[in-house]
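Shared between the two complexes below is chain A, which has chain B as its partner in the first and chain C in the second.
Showing the complex of A and B:
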């Protein structure tokens, strides 16, 4: 080694070395591209292109069975008033606004309750007691049950002639028949089903909290109550925010519960997705249905973007 | 511990209240499911009985016999299985390629691709329903499990890519570097070196994606007319007349569909929690 060293030309090594590094990086980039290609094609096929079609049809007057005969109508699917003063376009349809109101009520109330209940369940499961393993297991059951199944289970319990709640507790009151009570009945189903999910995420957050902080707080004589508000909650904030956003987005696009428990017609005035599907599939109005879909898409994406920028979520 | 000595009565009161809370939580989480199981074993004529008599009423497996005798339910199980397994298999294959690239390679545009995948995973399915419907009918895939399977990639692929990427990042780099030094190609490295290490992650991710695909309702309702998947069959389950809801068989069918999921979830408990948090918390 020492013998050969002086023989090397002093200027030669840097050039090939640099070129070689770029070559490896270039090759790696190509390899990454090929590895990503199947996924990118699949996403373009099932998300990109259909989304483009939806946006395209939102400004067309089109029928679902004959999409080829679509004609451009601008924003008339959204807002259009005829010469006789009849308001067309879904933004002038009171049913749409009813669906929006109901979806927002559903989202805000159910996500709030899930967070509170999920926090309670997570705090209980996080403390040491006999039967902890059992409760941890029980927690997974509602989450593992398919949404359609939980909808049917609860529809049965709400039933006014058979149901434990509808007949047993309320004495034959048809909870789901009246829109003003139906929304609360639906919230109860969603809270039951997804409290577990919240609890799981919060539990994961709790378990990553440093234990020595609590020891220090104990030494200082802080009560459990103070420890919860001053230590647990602030430290849990990031995990909690992520869980909140994921649950909110899920609740905003809710469909199954409404459709199964209320039927197609009432679902259309109870959830935005139900309304969109009714216009699109049942009424075959490809143009109007697509316009509604675009509106829902914009609402949800706006919330995501607001969240990502507000909390500076980063991907390396 | 301190409280136990200084104020035993308060200590035991606290403890009792805590266990009351535990029982309330367990009852809240499990009771609806327990009630559905119970109903599935009761005769149609006993459904009217008041709760205590209902619990004590004779047990029967008639509802299960009826459900399995129903051809559309049996077909539903088959189609659900085909569609969910197909979507998960494709997603795991494509997803592990993509996760390897995103977790291990440095290249321009990576962050943009991560954003696109995250955006798709929060996609409202309704936003593509019309577009997908026209595509599926154009290619003659309406009422065809293949069409449904492909449409499920919209939520299984972003999910698997996202979760697997976070797993790939946690694998020590030396393993892959050793393979690179030995001259292995990226695919060889992935299949020979990373796959064995990733096996638990693949199982967890596959299971979670399978649950999502098995439960999906909106696409299944819209893209299939006679070859319905099992959630749609259960939602549409009807009796002799339109107003007669056969609750016994509906509950039996619901239990049949749920038991495999609950079994899988209980077996893979620990992995599922890590899979869920990898998928959600790192978002």
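Showing the complex of A and C:
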């Protein structure tokens, strides 16, 4: 399409009507619009409408079983103190803040570790050695397993009475039982799972680096270490930042690991999405649940904007 | 005239047959223990008898997960499921989505069930569901091990239980490093609410929220009860007990790795099955007392017909069949599910299969209800706050006294403008 495009205009405009000339460009724009229309409608239906409903319900008092009987309450779902001094808004719920703290810890630590390990793995599989193709495929296995499955698998491994780790390595310690150790156990699972994704993105970045640059560096007598810090890392920055943004977003809205490994109630104090689910589904509070979802949306948006502006990430 | 009558009866016959014939009813079954198989068998018997077909919908294992799924179906007014299996704490929550069985089921049939359960199934005069089986917490113990360590009866108090469990555990650990004294439901979910309510009541700590809706949990007895349970973790119970539900506890007990277990009656038949390592070595007793008598939490499941069902007549017939005496008897004999009909507790076949049913009838009839009545739509939040608070104490993050104090604040917050 893009190759043909510049070639056509000179041959296409026939003399009769001057208007037609602009019409070609216009027609192309229209064609593009019509081609995009189904996608736009689909996005409006699957993303726009739910988003609108969520924002709509976040300012209503509503019950999940009777969404039709919603009444407008303004921002009371977020913050409201009764005459007796009892805070009813979710921002006044300590459990929400615990969930936020835990999610942030989870995000920062797991994304950091994944980046470091991903970089190491990528550098290893980027160098030429026998069996490289096999290793590149093999490293994707954890990423390929659905999270629900791998989380259940790890929950069994952590089990204190029959688990490979819980019983075998730790001799009967129940890592998941204690919330302060559970978060580290969850981070370990996430790192195990997504390091390969990070490695893949970084590997793609590494492959685009010109090989002659390193030859020149070798000629100039730069050590491998200097080459990594002065050449590889700066040139890798764009790819690395995109990967970081993706992983941070994923980690911030983590849900399945917590839900499967800790259960609904404990997941609600370990992840923001778990808290939203508990309010919405278990507690039937459609209004509060939607308000929490809106808050999560805002938090994630703010972090993305911060990332993109601070690091000048380019997505193209 | 004759012709008219003939014609009339013919049309009636066609109408009747088209109504009764070949409908498909979807039944949501639980999947804990043998539940699913029993559910399928019972449905198949009804299908064979009536010529209808039954599609089985397999529900999630944990009751919390099940509720979430059902509520989504019901809120969407989905006709995908005709008959729902309802936990005893749900009628107040879901009443509006279910057909009023009063008037559609003969009064005599309704009255043949335990009155307490019928009361729990009745919301604002509407009979939401019929009782299918009842449940109460029980103490399971290993008769062979008690004898081996010189005990001749099940423990009467929690202190006694702790002493016995410790002695047996210390002895058995020499040969079996994974052996543990006492397993129960310590995971932060509805099951922990049940277990902890039993501790509270047996210590005289009340029922979290009383019948008038007053929050009563902040009292020294309740604190003591929770502290006592916390003292079991890592001493007579494994560290991982705070991640166990019903099935995890049963798995450990049934593989011969625990001396005591708190569980529901369904664990009996499974423990006596041929592949069970503890077959013939299980005793069942009321749960120990903390000084205020023994207490068992009332559980149990009921069957209700969805308002959005397209085959309500057939669905009601299925419910009546499954909750009927004949079917409840089969379930009691095959899998130790407690009948909700007092008459069946005198049935010889039932008593032969479950020798403890007769002597523990008191436990079943006087079981303590969770505060789902007074807290209505907010019961789930109350239960979560309670199990969360207990869980904090069990994990050593809080003490009993601090936990019940904080819980009182949390419950006041949940109560907000009223239950």
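Everything that follows uses one rule, which is that the second predicted complex is superposed on the first by the 287 of 316 C-alpha atoms of A that agree within 3 Å, B and C clash if a C-alpha of one lies under 4 Å from a C-alpha of the other, contacts with A are read in each partner's own complex, and residues count from 1 in each chain.
Going forward, contacts are C-beta pairs under 8 Å (C-beta built on N, C-alpha and C of every residue); 3 or more make two chains touch, one makes a residue touch a chain.
No experiment lies behind these values; they were computed from the predicted model shown.
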item	value
First, second, both or neither for A:64, with chain B first and chain C second	both
First, second, both or neither for A:52, with chain B first and chain C second	first
Which of chain B and chain C A:159 touches, first, second, both or neither	both
Comparison of chain B and chain C by chain A residues contacted	B
First, second, both or neither for A:174, with chain B first and chain C second	second
First (chain B), second (chain C), both or neither touched by A:135	first
Which of chain B and chain C A:187 touches, first, second, both or neither	neither
Contacts of A:122 with chain B and chain C, given as first, second, both or neither	neither
Which superposed partner A:283 touches (first chain B, second chain C, both, neither)	second
Shared chain A surface residues [contacts with chain B and with chain C]	64, 67, 159, 161-162, 281
List of chain A residues in touch with chain B within their complex	25, 28-29, 31-36, 38-40, 42-43, 45-47, 49-54, 57, 64, 67, 120-121, 124, 129, 131, 134-154, 156-157, 159, 161-162, 164, 168, 192, 195-197, 200-201, 203-205, 239, 242-243, 245-246, 249, 252-253, 255-256, 259-260, 272-273, 276-277, 280-281, 286, 289-290, 293-294, 296-297, 300-301, 304, 313, 315-316
Of chain A, residues touching chain C in the complex	63-67, 82, 84, 86-88, 92-93, 95, 159-162, 166-167, 172-174, 176-179, 262-266, 268-269, 278, 281-284
Interfacial residue positions of chain C with respect to chain A in the complex	62, 64-65, 67-68, 71-72, 74-75, 93-94, 96-97, 178, 180, 186-189, 238-243, 252, 257, 377-378, 380-381, 384, 387-388, 391, 395-397, 412-413, 416-417
Contact set on chain B toward chain A in their complex	18-19, 21-22, 25-26, 28-30, 32-33, 35-36, 39, 47-48, 50-51, 90, 93-95, 97-98, 100-102, 105-108, 110-111, 113-120, 122-135, 150-151, 153-154, 157-158, 161, 186, 190, 211, 214-215, 217-218, 221-222, 231-232, 234-235, 237, 245, 247, 250-251, 254, 257-258, 261-262, 264-266, 269, 272-273, 276-277, 280-281, 283
